[in-house]
Amino acid sequence: MSVSRYTYLGPEGTFTEAALRTLPEAATRELVPMVSVPAALDAVRSGSAAAALVPIENSVEGGVTATLDELATGEPLMIYREVLLPIAFALLVRPGTALADVKTVTGHPVAQPQVRNWLAAHLPDAQWESAASNADGARLVQEGRYDAAFAGEFAAARYGLEPLVSEIHDAENAVTRFVLVGRPARPAAWTGADKTSVVIWLGDDHPGALLELLQEYAARGVNMMRIESRPTGQGMGRYCFSVDCEGHINDRRVASVLMGLKRICPKVRFLGSYPRAGVDPSMVGPLRPGTSDDEFVAAAEWVARCQDGRAA
Amino acid sequence: MSVSRYTYLGPEGTFTEAALRTLPEAATRELVPMVSVPAALDAVRSGSAAAALVPIENSVEGGVTATLDELATGEPLMIYREVLLPIAFALLVRPGTALADVKTVTGHPVAQPQVRNWLAAHLPDAQWESAASNADGARLVQEGRYDAAFAGEFAAARYGLEPLVSEIHDAENAVTRFVLVGRPARPAAWTGADKTSVVIWLGDDHPGALLELLQEYAARGVNMMRIESRPTGQGMGRYCFSVDCEGHINDRRVASVLMGLKRICPKVRFLGSYPRAGVDPSMVGPLRPGTSDDEFVAAAEWVARCQDGRAA
Amino acid sequence: MSVSRYTYLGPEGTFTEAALRTLPEAATRELVPMVSVPAALDAVRSGSAAAALVPIENSVEGGVTATLDELATGEPLMIYREVLLPIAFALLVRPGTALADVKTVTGHPVAQPQVRNWLAAHLPDAQWESAASNADGARLVQEGRYDAAFAGEFAAARYGLEPLVSEIHDAENAVTRFVLVGRPARPAAWTGADKTSVVIWLGDDHPGALLELLQEYAARGVNMMRIESRPTGQGMGRYCFSVDCEGHINDRRVASVLMGLKRICPKVRFLGSYPRAGVDPSMVGPLRPGTSDDEFVAAAEWVARCQDGRAA
Amino acid sequence: MSVSRYTYLGPEGTFTEAALRTLPEAATRELVPMVSVPAALDAVRSGSAAAALVPIENSVEGGVTATLDELATGEPLMIYREVLLPIAFALLVRPGTALADVKTVTGHPVAQPQVRNWLAAHLPDAQWESAASNADGARLVQEGRYDAAFAGEFAAARYGLEPLVSEIHDAENAVTRFVLVGRPARPAAWTGADKTSVVIWLGDDHPGALLELLQEYAARGVNMMRIESRPTGQGMGRYCFSVDCEGHINDRRVASVLMGLKRICPKVRFLGSYPRAGVDPSMVGPLRPGTSDDEFVAAAEWVARCQDGRAA
């Protein structure tokens, strides 16, 4: 195993690489682009990389299903960090190209809906064709196959292009969330502004199962931040749920939720507890009464005293 | 403290005494009738008796509020056993009295609704007056103040009366439940067919609090057997709840419910875990999946492994 | 039927009579004391009285089971008004009696726990014996059978007694709630500060039934004000629930709750909607968003439009 | 508007076209392939097509986000039918190509994970490159750009290719669900085996909102069949939910759920009620007690009688 190697969803010049480079440790790691999310994660599973950075959610396009499904199946992996990256596209062209010259544009299929309005307004007649990635689109412009590509502005230099227009995004505040994934080990340290991710499978024949699952969270005042259903591949109508909640597995309220899930669901996969990106612990709101660690400990001690005949 | 003395709600000849005598240990105890439930229980609190037998619920008349309120307030007490006694009244008269001679009848106020239909059918013109207890009514018949008293048939001999009619009860299967109450100590041993009693106070300003309380039980598949609201004395609309559920505090699902209650409610009083009267452990139905001790232990171990980085 | 006759739980001089006399209409009705709650209500059922005033709840002693059970069974009745009466006892004696002369005291059994502390402090050696009612206790003092009776101060004159001590009550703010009961008809007019009472029977074999019942209320933001379990007489462990909630059956959120209860419970008895005593409509807090009549109407209209293919 | 024109997600030769041709009415319509789901649906919105068939869910890959998002936003549309199509791929090649000759393969990105295992086993060295659609991949094979394409076997003839291998699918029972979408009008007729689709937005600052939403369904015994979160585009962590449930808006239990959702959620979009594909009404299980139309009607009538003073 090479502890110094991190893989990421390539090719070079994608937003994933940009996100990875925001991590201080990236400066001292060998960063290896991989052709796909499964490839990036399999490198971790096989031990040829210490960790992989992959996108997991986009505020416009939703969950990245390849990542969700890879984390839910196969050899277990664990999330250690998340990175948020604002997404803005630049229209990259070969030097000298003017907007009026752009007849064909390319980019990742996920980019298209994020620039659709801009295209309709500024290049209504340009023809869109999808590329395997934003960076790949840039390469195809370099090769002359298209006139322009939507990509991160940081990709321009790498492919000998220049940004004709910058900061293009139909939705305000488009953000992509990336996760740094490694092999299972002790979760990231508690910070007080943490997030815990799990995948939960429901029993087949139980209509109220999803409700019961949510009640395990609600009963302990643990806020759910994201819930996403994914098919299990067992047939239409069979789902598992990818769920993020506030708090760390070392918070007793979260540990208690996980125990409840483990008991009532046929399968639960723990994906890690890790700091919430961009949230300072001092900004986290107060807990619901009765859900602090102290209150959990006090309640357990009270029951123990009752069992021993020493209840006050 | 006299370990050999048991008090009970007197006077002699009441159903409570009959219930107490069904306990094998009663044969070797000094049995002391007390004038009221509070008096019987205060003898336990003060140490002058080891335990007290008092009625807590009647299948026709409902909860015995004096007992419920005494258990909820004052120095804590604990329930160690319950006794179920079928309630049937005899019409006790002085020897030689015929039904046609009965112009006045007496009995405990609680007895009246249980014999009302019988009275209307067989003694429509007799005048009812309440006595302090069924046994007291028998005494008043002995003294000649009334012609007949409703009481347990076992009270006849004590007061020189005879049962003119037996097995009187408007409701089929009328039963009274009594509890043997002592000072707080280690709960009664686990049998597999147990019951756990608590008193729960809700926060003042929380409309959904009762719902949350019930969900603590429901979430662990713990069946509630009885719930009774009692005023707290803090004003109209302020209640506490006396709740019995299936299971023993040493069952992890029950311990988990109690911890939940302790956390979310301002006050919980544990009244004991004790065998369910008349229920053989082999008759107890299966647990809901996910609520056995083994499953609770497995879930806790799984979370511990996740915390340690050793999750499967 | 005599529309001019109201019955009440007698005898004369009880708190019930005092409560009844707070109603303006009492001045123009014939007020007839009855020997018991069933007798007072049966007079209404038979048409010999237009309405009956009976106690239903005491802030110290809890529900009046005779009233709860009479309303739950037999020919249906309906509540049209409620009356709240602060309860304070006077110690009534024959003129000339001093406190030091009081060796025996009497009163209704329900009075005893409300004066117990006072007795312990001021008459520790006096012997208590229960009377059929507080007024009856006063009569027995008049007859010389006891030295003093706890009763409402208003009862003194009627029995030729005088109040030796006034305003006796262990609990601050002890209040009894009375209800004016008539035959079923259109409920009392909506005021904006109303209460709705029902009795609900649960299915036999359904552990979560009580939870579902409460959720019908919670889902519409309808605050439950009182819930009381009563045995159905079908055997130990079989209960029905007497429930009061805020709001009027003509409020759509309340009507919706009642429809839900009617569907999921084997039996529901509507006991009436009537003004909340002592609550001005202007004091009633805001409704939970989504539960106003306007929002109910708007939602129904939206669904109708969807059904007709005209949804916005 | 041309009532005779249906659009679909093209190009010709895709599974969508195959699904569309399973509809009897397709034989008498002009079927027009469109370049994207938005284009297919916009043709309906503009009136240039009467309806559009688009994929909405795949049992392996999950929801088709373009379709989910188009239905959730923009001018309202309505689902009138669903079509289920088993998905099996053929490996299409130019006549004469042998398996050993295949060095490069193409197909839609969604096809790749469904044939990944097959590729690893049979063409471990072949290089995959994505095409804009399965049909487009076939066209590129025809043009000689790739050696083979994964597509529906029905696409072979159209592009002068032949199926070298048939029935390729990693997952057993892979199925894609398509929906026939038109402008809003009266929903499809009730059949007894129906499905109702909605999009629900939750209030921003309400952690328990998803739980309340699910309880609206659960309280009426309405089974949820699919729930999918989608970003609203308002920023990370803001979701709406696409939900399918059993039953028709003309079923009172479903109408009641929709009214509840409309009241408690800031926005609900009704997407239609339509027959469940492949489910015969005689196969549909019994309703939960208390949720039939008759029971809803009876409950409403009972409340109306209570309001009128005529309750039994």
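Per-chain numbering from 1; labels A, B, C and D assigned in written order.
The rule is short, and it goes like this: a contact is a pair of C-beta atoms (placed from the backbone, for glycine too) under 8 Å apart; a residue touches a chain by one contact, two chains touch by 3 or more.
Here the structure is a predicted model, which means the values were calculated and not measured.
Colleague: Return the chains shared as contacts by subunit A and subunit B, ordered by label.
Modeller: none
Colleague: Taking each chain's centre as the mean of its CA atoms, how far is subunit A from subunit D in angstrom?
Modeller: The mean C-alpha positions of subunit A and subunit D differ by 25 Å.
Colleague: How many angstrom between the C-alpha centroids of subunit D and subunit B?
Modeller: 59
Colleague: Rounded to a whole Å, what is the gap between the Cα centroids of subunit C and subunit D?
Modeller: 57
Colleague: Which residues does subunit D have that touch at least 2 chains other than itself?
Modeller: 215
Colleague: Select the category (line, ring, star, complete, other) that matches the graph of chains linked by touching.
Modeller: Per interface graph, the chains form a ring.
Colleague: Tell me, which pairs of chains are in touch?
Modeller: Here the touching chain pairs work out to A-B, A-D, B-C, C-D.
Colleague: Residues of subunit D touching subunit A in their complex?
Modeller: My answer: residues 38, 57-62, 65-66, 69, 84, 109, 113, 129-130, 132, 171, 173, 175, 177, 207-208, 210-211, 214-215, 218, 223-231, 233, 235-239.
Colleague: Across the complex, what residues on subunit B touch subunit A?
Modeller: 76, 184-187, 212, 215-216, 219, 249-250, 255, 258-260, 262-264, 268, 270, 289-291, 295-296, 298-300, 302-303, 306-312
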